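Structure in structure tokens, see below.
Chain naming follows the written order as A, B, C, D, E and F, and within any one chain the residues start at number 1.
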Amino acid sequence: METVYITRRETFNAAHKLYRPDWSEEKNEEVFGKCSNKNWHGHNFVIYVTVKGVPNEDTGFVMNLKDLSALLNESVIEELDHKNLNLDVPFMKDVMASTENLVILIWKRIEGSIREKGGELAKIKLVETENNYVEYYGGKEPF
Amino acid sequence: METVYITRRETFNAAHKLYRPDWSEEKNEEVFGKCSNKNWHGHNFVIYVTVKGVPNEDTGFVMNLKDLSALLNESVIEELDHKNLNLDVPFMKDVMASTENLVILIWKRIEGSIREKGGELAKIKLVETENNYVEYYGGKEPF
Amino acid sequence: METVYITRRETFNAAHKLYRPDWSEEKNEEVFGKCSNKNWHGHNFVIYVTVKGVPNEDTGFVMNLKDLSALLNESVIEELDHKNLNLDVPFMKDVMASTENLVILIWKRIEGSIREKGGELAKIKLVETENNYVEYYGGKEPF
Amino acid sequence: METVYITRRETFNAAHKLYRPDWSEEKNEEVFGKCSNKNWHGHNFVIYVTVKGVPNEDTGFVMNLKDLSALLNESVIEELDHKNLNLDVPFMKDVMASTENLVILIWKRIEGSIREKGGELAKIKLVETENNYVEYYGGKEPF
Amino acid sequence: METVYITRRETFNAAHKLYRPDWSEEKNEEVFGKCSNKNWHGHNFVIYVTVKGVPNEDTGFVMNLKDLSALLNESVIEELDHKNLNLDVPFMKDVMASTENLVILIWKRIEGSIREKGGELAKIKLVETENNYVEYYGGKEPF
Amino acid sequence: METVYITRRETFNAAHKLYRPDWSEEKNEEVFGKCSNKNWHGHNFVIYVTVKGVPNEDTGFVMNLKDLSALLNESVIEELDHKNLNLDVPFMKDVMASTENLVILIWKRIEGSIREKGGELAKIKLVETENNYVEYYGGKEPF
């Protein structure tokens, strides 16, 4: 009866570029600026995964953070850490490697596994630099 | 007519453990891992208390932050800072000392006093480590 | 169909005071405390501007962050950085220079320009010190 | 025989400007840029005071941090917090209100009192913004 | 010929108290304040270990950070994380559990192993709270 | 007569890998681990550049931070931001792209220009992730 939101933070370091081969150099540069550098650039990404639920009476936990962390490491961090988001990540194939697209696809990867563990995925925040981040609520619009 | 949310941050350092005496050592270890260490461990907790309201015409304040800080120090920080959450805190008696339970019980302690000061408690965020925190909206589910 | 929230962070350093000339010294001191110091004080403000939308198919962007940053620098940072909020900022004229009022007036300044660029302003968070900040959702109350 | 360095962090919020009345507007603008704004600007300053010494056998302390904090609050924070560095601070009279000058003058104010408490002031770090800070070792040049 | 300093950061969460059984309650309270709470309190400690050396020609490394991290986890984090510094840590036996003493004893534990790996321990910084930390250079006094 | 150290912070986001083509896959993997991923990874680097000197009597400045920042942007950030450290940076040609080597080469690039502006380069700190950074004093060994 008392819904609480718990959040786990993980990190990964990856390379990417924002570049459309079907566009001219000029258009890529105009739209994506420095992010279109052909030889890639990279970031220390920080991801915050929020799960909602009612604390379990025995444990006081919405979900065991050890389980949540293990699940995230297996499904997300292993796939993205020290990788190239455009070349090395099967679930990003044929998708612009923007932070917006990445956050949506991470949601799809983990939503089910979190439900199996008894939690409900509520939000993912993905920080690309100290000056920009994205947040995704599974398509919901809380505000 | 213009609801704004203001947040005050306070800190406290406390010991706790996650351990059920009605469970075997093995089960405690399995569920709570290192957090079940009998001799306690501890954290630098950070609490963010959010109050909503319409700014007062004379002061431009939703609520005077001096009052909010004083209230939090008296009702929360005094009770928890440099304490053992399992042993020293009357309102945590007979409750698993999880961050989830703690945030719910802090809400109950301060909700009324904030209302008396003319504010409306909207959210509490309680940070346990750089890798995990909980958020509570008084049972509401904004997302 | 997949609404994502993107946030851009900018900073500005400004002086202000909280002081009503129609009140006695004593009342100013009682209500505003140290913030009423006649000769001003100041802060390193941090502003987080959140825009919601569906990522564009070609770019993967809710809104180009270069455009958002340029717009914020022109409409907000230029007006506030290294300024006195009480004396130098036309849109703060005759308004108490509280963080609450400031966040509402910043919203009004940028909401339209962001819409023209195809985005929808969803939230502004304005951090005054490490211990207090305000959040504004355009008057909406998500929780 | 085992010298350890301990550091205490305190904060203060102040207004200042960098401006020479004996210079033209143009020269002030050219040298000090936005920092010369006549109506002031301000910062959330953070100060780190480092004291060196051998831990006391009974307490394990180089110096009691409660004493160090009390001393800093009385001699530094009371003088600077919510003040105007150019107008309100006697020990900054007739001195350019640069962070460099401020750190030297803070050193002079507290060096003696720390020695009386049995400590030896070793370093002061004064942070003005997230992008710049100064450090002072009492004139020593460790590197 | 080109000495560079590399630093690895690790974290541990522990309980402790500052309390001398050979002193009266009053004296413990007077000297150690809230830190003398009998039932313990705790912190999220952060440790920064700095090793100096000339980068290896083949690897560009002063020391392999994987090795340094493994060594720190085995010798320090395993011993301290989710532990009680007064009760659970053999190398802190009969020592006041102050941060100063802890940093000296950590140095003694790891100095030799780092040398065996080809590095030279140069500094340890141990952060107890956001407001205080200690630094130790093996007894050296660089300033 | 009163030497003060001033520090400017800048950031850049870059891709790199640690990989020796003259070594086998196995040896690269063994020594460099995940950092040897052929398709690159990346980081949000943060650089802190420290200049020492006596504050100027007229300005109170060791060195004008506007000049220091402009110099760093021109000589360092322009060269490294949104670049591939192995492929795009002439001064890193034929050098292992370790943080140690990078900090030494940045020093060589800016030491002279800072001297021309009347400052003396004293230290560079280069942060690669929240868990590791390097520091370089031009070969000096202050501790």
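For the reader, a short list of remarks on this structure follows.
Going forward, a contact is a pair of C-beta atoms (placed from the backbone, for glycine too) under 8 Å apart; a residue touches a chain by one contact, two chains touch by 3 or more.
Every value quoted in this text rests on a predicted model; they were computed, and no experiment measured them.
Both chain A and chain B are touched by C.
Comparing the centres of all chains, each the average of its CA atoms, the largest separation from chain D belongs to A. Each chain gets one centre point, the mean of its Cα atoms, and the points for chain E and chain F are 28 Å apart. Centre-to-centre spacing of chain C and chain F amounts to 34 Å, using the average Cα coordinate of each chain.
Annotation for chain C: residues touching 2 or more other chains are 130, 137, 140, 142-143. Taken as a contact graph, with one node per protein chain and an edge wherever two chains touch, the assembly fits none of the named shapes, being neither a line, a ring, a star nor a complete graph. Here the touching chains pair up as A-B, A-C, A-F, B-C, B-E, C-D, D-E, D-F, E-F. Of all residues in chain F, only 18, 20, 31-33, 95-101, 103-104, 130-137, 139-143 touch chain E in the complex they form. If you check the complex, the residues on chain F that touch chain A are 11, 13-16, 34-35, 37, 39-44, 81-84, 87-88, 129-130. Interface of chain D with chain E (complex): residues 1-10, 50, 52, 55, 58-62, 64-66, 69, 122-123, 137, 140, 142-143.
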